[in-house]
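Look for chain A in each of the two complexes below; its partner is chain B in the first and chain C in the second.
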Partner chain A sequence: MSSDLFVIPFNIGLYFILVYSVVRSTIWFRQLSRSDKLRLQRGFFGMPFMQSLKEIFMESLLHRKIFMRNPVLGYMHMSLAFGWFLLIVFGTIEADFFGEKHLNPPSHAIFFRYFNPDHGAAGLPKVFGFWMDLLLAFILSGLLLAMIKRFIPGLMGMKKTTKHTWTDRIALLSLWMIFPARLLAESLTSGAHGSGSFLTGNLGAQLASFLPVAELAPWFWWLYSLSLGTFFILLPVSRYFHIPVELLLIFMRNSGIRTGDKPSSLTEVQTHACSSCGVCISICQMSYAAGINDIQSAYFVKGLRNGKDIAAITANCLMCGRCEEVCPVGIELGPMRMIERRQGEREFKPMRFIDGYGLNGKKAPVEKDPTQSYGYLVRNEPVKADVIFFAGCMTHLTPSVIIAMKKIMDSAGVRYHFMDENGGVCCGRPLMLAGRDREARELINYNSDIIWRSGAGILVTSCPICYKIFNESYYLDTRVMHHSEFINHLIEEGSLRLGYLHRKVVYHDPCELGRGSGIYDEPREVISYVADLQPATQEGSMSLCCGGSLGNLTLSSGKRALIAADAAKILTSSAPDELITACPLCKKTLGQATETKVADIAELVAAALPGPKGRARVRTKKTLVRVHDNG
Partner chain B sequence: MNGSAGNKFGFTVNRSRLIDYDASDRLVRDYVTLREPSFRLCFACGGCTATCTAGQHAPFNLRRMNTFIRRGEIEPLREEVTRCMLCGKCLLVCPRGVNTRNVVSLAAEAIKKLDRNEL
Partner chain C sequence: MSTVTKHVVVAGGGVAGMEAAGALAELGHRVTLIEKEQKPGGHLKQWHALFPDRRPADDVRKYLSRRIDNRNIKLFTGISVEKVRKQGHDLHIELSDGSALTADAAIIATGFDLFDARRKEEYGYGIYDNVITSAGLEDMFNAGRITTADGRTPSRIGLVHCVGSRDEKVDNNHCSKVCCVTAVKQAIEVRQKLPSCEVFCFYMDMRMYGPYYEELYRESQEVHNVNYIRGKVSEASVNINNRLVVKVEDTLAGRPLRMELDMLVLMVGMEMSQAGTRLAEASALGRGINRFLETGDHHYGNNLGHVKGLFYAGTCTAPMNITDTISHARAAVTETVRYLTTR
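Moving on to the complex of A and B:
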């Protein structure tokens, strides 16, 4: 038995990673909140478990989402994951059926050819041998693509790939070594014994013609075992830890656990579940339009995982949410970045090998400032109204939107109170985006007080930024509506009589309204009611950011202009008469970046109001609405 | 001190135009300028102040704040930086493309660090 000492590195690696995974999962489970623990336990005995199995098969093995986005990249991931999985499964079956005994240790399945060199001469074993060779060829084709991608990303339709840390590099090297080593080891053994199928058999025969294959074979079995062992041992400190962790994440997500707004073991699981595939880098407008290539979510997560100082990366993001939309692992990147922004300043100490990774750098407690920042705000007597109109700070910079909204509401006979006509108070969303929740809460309380005491049933806002926070962080007994929703409501109710404008228009989804709040259809229904709505190249859940986002705290105005120019170019590629948006900030930013007229949805509707002489033909019946959403 | 020579000729020094170099602390200015170079572009037009949301409710004046930072007058700055609501209107009206929100955030950060002797 002295000759199979080579299985030791593999065995050490395998048992290490199995024990490590169990221990790590247990720690994560224990750190969960009580309700999340219950969710997970309930999920284990119910539908979520089956859903997770399905999702694990579709995503972790077949990589369906990457496949749909980029078939070549999808094939690469699929061949490595699914191919390896099949190789293990069928290897185990092969070892079980054709080995000396049933229920072998895993090493017997992995190094089957070594223990059974003459296997597969004829009959069923031959068919099986062919199948195993085919799987190996399948994996090797993916590996070839992976190597091409690493050195020439452009060939794979990738704009950039992620940069690696040294543990990642060694793990990558050992991963790359595994399958060529297996091919050579199997071929050499097959060559020495005259066995093997189309790949290993033929290669083995070729090698046997000029090499001492019998002497060389053990060396390659050693190499195969060593690369497997190294890979398994480096797994927890490299990006490849995503392989086991992704399974856990899928199960946690299907059980109903969400990121929320505080760090938890789910954030840690998500940090480790990122495979650094780089899809978020290619999709990021800051990357391809503004040439900033070190702040994308893959780097953010990597910095978090490795306990690096990522304050600059965290702040420098538009928070547009496109990366979250395309992330094949489904990591909640937006909430994770927000958690990081809320953490305040961190205290960093050099990473130690054992306790450094995974456990994020020690955080200084957020200073509780007892003083009020906005104590100067005076509480006015509230005005009673059915409908409250809150324009928002940004809308005050686009007075045409306010004029249009006033016209529309007057025309529909809405009794409203213009809450911030003489300068209101900020909604608090910008402060929240900066991670300053305590200050934001002061503004929220101030505004809530006015809204509560007015007794209004509907709160209409013209700014998606305000809309999002009104919906999510205010405790109101009021229906919050963005003005596009409200106008749609007025049209459906029949109180707004509108003409039809013969204009070709394209609609741009603001980030905070579309991806942020899920309002895609209402603006489109309104626009197609009054004008000819054309589809845009990128819209719906994959719509672009205008570049003006308040989510980014550090981006310079020059870079913002580059992003705006790129977005405007794509949006106006079909040469529409007007570019319609539903956000004053988008209107402002895009307006500076294109020759095409940029208007708010309210302005478009106001233009369709019948004139004083009633000349415009008024439509009475709502026609079929075309909704374009390629998301 | 108060314009001793000028007094004799009927001139006085306007207090708001007086820079007291003894009390001036340039650390905050350096901290802000290093991290947000666009701060130097400000030519004090006052657009930010005219549009400011917080400025409508309180004596908060971004233009004056910039002067305080430049002159290194920390004491009046201390209270002023906390009043900003970060709404970003100033960012949009600034004709020079100064990243105003970051200037305010950095100034607040710098003062905190100054108090902890970390600057």
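Moving on to the complex of A and C:
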């Protein structure tokens, strides 16, 4: 059986990757927190397992999400993943049915044609042969698209494609070799034996007409086996590790494990689950509006995976969350980047090739400079009130918003205390976005103390940045409301009487309010109550970042202006009378980028308040609803 | 000297354009001076007195009017130059009324726009009645009455330096050069006209770069008791008595400061003018990171653009004071004449 030696590279690769997968999964499992271990165990014996199987089928094999975003890219991923999967399944069944015996070693299924060169002449074997050829053709069509994507990304509707490391290149080369090698190996063998279906059979017959096919065939079986073996061995240190790891990620996610704020097994799994598909690159405003093409999530994750110094990439992100919204693998990219920011300054050590296999323990986090403190903050005596209004630092830079809010609350008869009227302490979110959680916590405690002692039932803020941290990181028994929610609440309870402004307006969802906090409907309800709200081209979960984001720690104002100009152009494409937003920072940033008037939702509502002469036609929300019901 | 009469178009009838047109006409060239406003004079029209000697701005206005009172100059007002394009040896110049001119050479003197203070909403311009700009204060000087919106005489006025200059937040990293000394001049004028009114200047640095500026700054403190506080105003608001309240960090004293004021004057900086921007974009003229026109060489070619026969004069290239603007315009004329005689 010396001629069978060619299966050795394949076997080495296959058994290596199987053992490696078990070892690495075990390490990951052991590193999980106790509660996450329990979640995973429970998940394994419950519904999450079934959900995961479904998701694996839909996403890992069919690639539904990529398909919906870009059908050609989706077809490419699907043909390679689903095609290869079916080829393995069909091949195993074929080998099981028609092989020498049941329960063959995997190499007998993979190299079935070599071991059964005359197979498939008639009957059921012929049907199988046809299907195997069809699947191979399916995969090869996807491979062709992959090659086109690599060399001419524009043809695939991709603006950019990810750059590769050398291990990625070798892995890519071996992956690209697998199926053409199989095609040629099978065709040559079929040509020598007059067997094979429409693809391998015909190609084999053609080749046999002018080539010594029988002598050539073993060389291509060797190439096929070597490609597979190389691919498997390089798999853990290449981007293609995402193929098995994504399965694990789906299972962990469905079991209820979340990224949290510290590095964990899940962050490692997410790092490896990224397929570098590049969807996040095309969607990134930093890329298409500001021409910055090396900081997107795919590069961030790749740097993380390859142990590169990514401090600059980590800091240079708007944290707008658009990439997370479209990530086909569902990686929690925002929290992942925040974890990296929290690590702070640390010694950077380049990663060796062998470290890529990740079996040599974890890096110890370096303690940050512990000297900073906000001990000098004076504690003011809080004022008792039902409603606390916290404008926020950014709102203090847009006094028109504060004036509008005062008018609205006075008009509705709200008894409120303006907490930071004479200057307040920052909510802590900018520090948190910079990864300075401990310092942020000091400010959180300071503000919490004032809010608790005021005894207020509602905390209203005009700034979505404050809103997000009040909701997520403060321990309050106060209802936190963004002013758009609060105004909507005032309208609904009938305490705010408003006229109707005959203005065509477009609403811009601030990142921290929309994607960040899930507040999409209330602002729209308020706006359509007082004005003619027109749809925007990109809104809701895919709304744009204004460019002013506090999340980016290094972006220059010139680049910000480019992003703002692009966003403003898209938002005002329907030529509205006003562009309405609900964030002082968006208002400031967009206001400088367009000729269209940019106003906060509070300003719009304040303009709809009845004037001193009461000329505006005043309605309550009920009449509005009825008008809508009657068509 | 050239004996052949050439035709030169000067875009912009402010200080630079008027000086350039006058100098060219004096040398016997035919000049078409094009001003987008109804009257020539540029920003100078609005100014009451000039630093450093506080002479009436009228003196310089009269000089410039005499300068363009020449039969070789044809003045068109209410029209702007929209595009300049090379056509053989000549320049083809398109105007906003749809007509076009052919010229042997042209000088761009489209000047600057004052920074729109509304873009720094935190200072409350356009929101609070008593927040005005340095140009608005000049209007008051011209009208001879310095009063708050409700007609009161202010007892305390604050002047904010660097509004729209040296401010990364509005994408203007450049210094507008003249605002510091304008603030000193205006502070003195307020003190002279309203001796009981306190004046505070909030500054980052005092950039007293010109002759007699430092002396003026000294005089403002020693003779006129103007107060200087080193620190940027972070925000302005109004209190219950409708008085302005500003928050400043006094960086010399190292402590935050809150101050009540009756009036806040924003020393607005210079930006590339919108008309100049339109012209530059339509004519594909290079611009620097400060968005002003980029000159051929910072040291020995700062009247030259990249189009042969097209020259730059005045604040379309960078912020400058009137003295430097007039010198720059004369230099542009020298370059133009050299081009016309040697080409």
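Structural remarks
Just so we're on the same page, the second predicted complex is superposed on the first by the 601 of 631 C-alpha atoms of A that agree within 3 Å, B and C clash if a C-alpha of one lies under 4 Å from a C-alpha of the other, contacts with A are read in each partner's own complex, and residues count from 1 in each chain.
Just so it is clear, a contact is a pair of C-beta atoms (placed from the backbone, for glycine too) under 8 Å apart; a residue touches a chain by one contact, two chains touch by 3 or more.
As the structure is a computational prediction, the values presented were derived from the model and not from experiment.
In the superposed pair of complexes, A:I403 makes contact with chain C only, with no contact to chain B. Of the two partner chains, chain B is the only one that A:P430 touches; chain C does not reach it.
After overlaying the two complexes on the shared chain, residue contacts for A:L553 are found with chain B alone; chain C is out of touch. Once the two complexes are overlaid on the shared chain, A:G291 sits clear of chain B and of chain C alike. Of the two partner chains placed around the shared chain by superposition, chain C is the only one that A:G591 touches, whereas chain B remains out of contact. Once chain A of one complex is fitted onto chain A of the other, the partner contacts of A:Y374 are limited to chain B, with no touch recorded for chain C. Looking at the superposition, the partner that touches the larger set of chain A residues, chain B or chain C, turns out to be B.
Comparing the two complexes, residues 396-397, 423, 557-558, 588 of chain A contact chain B in one case and chain C in the other. The part of chain A that touches chain B in the complex is made up of residues 371, 373-374, 376-378, 393-394, 396-397, 423-426, 428, 430-431, 434, 436, 439, 443, 548, 550, 553-558, 585, 588. By the touch criterion given at the top, residues 36, 38, 51, 53-54, 56-58, 82-83, 85-89, 91-94, 97-99, 101-102, 105 of chain B touch chain A in their complex.
Those residues of chain A that touch chain C in the shared complex are 396-400, 402-403, 422-423, 557-558, 561, 588, 591-592.
Against chain A, in their complex, chain C makes its touches with residues 119, 121-122, 124, 127-128, 168-171, 235-237, 247, 256, 258, 289.
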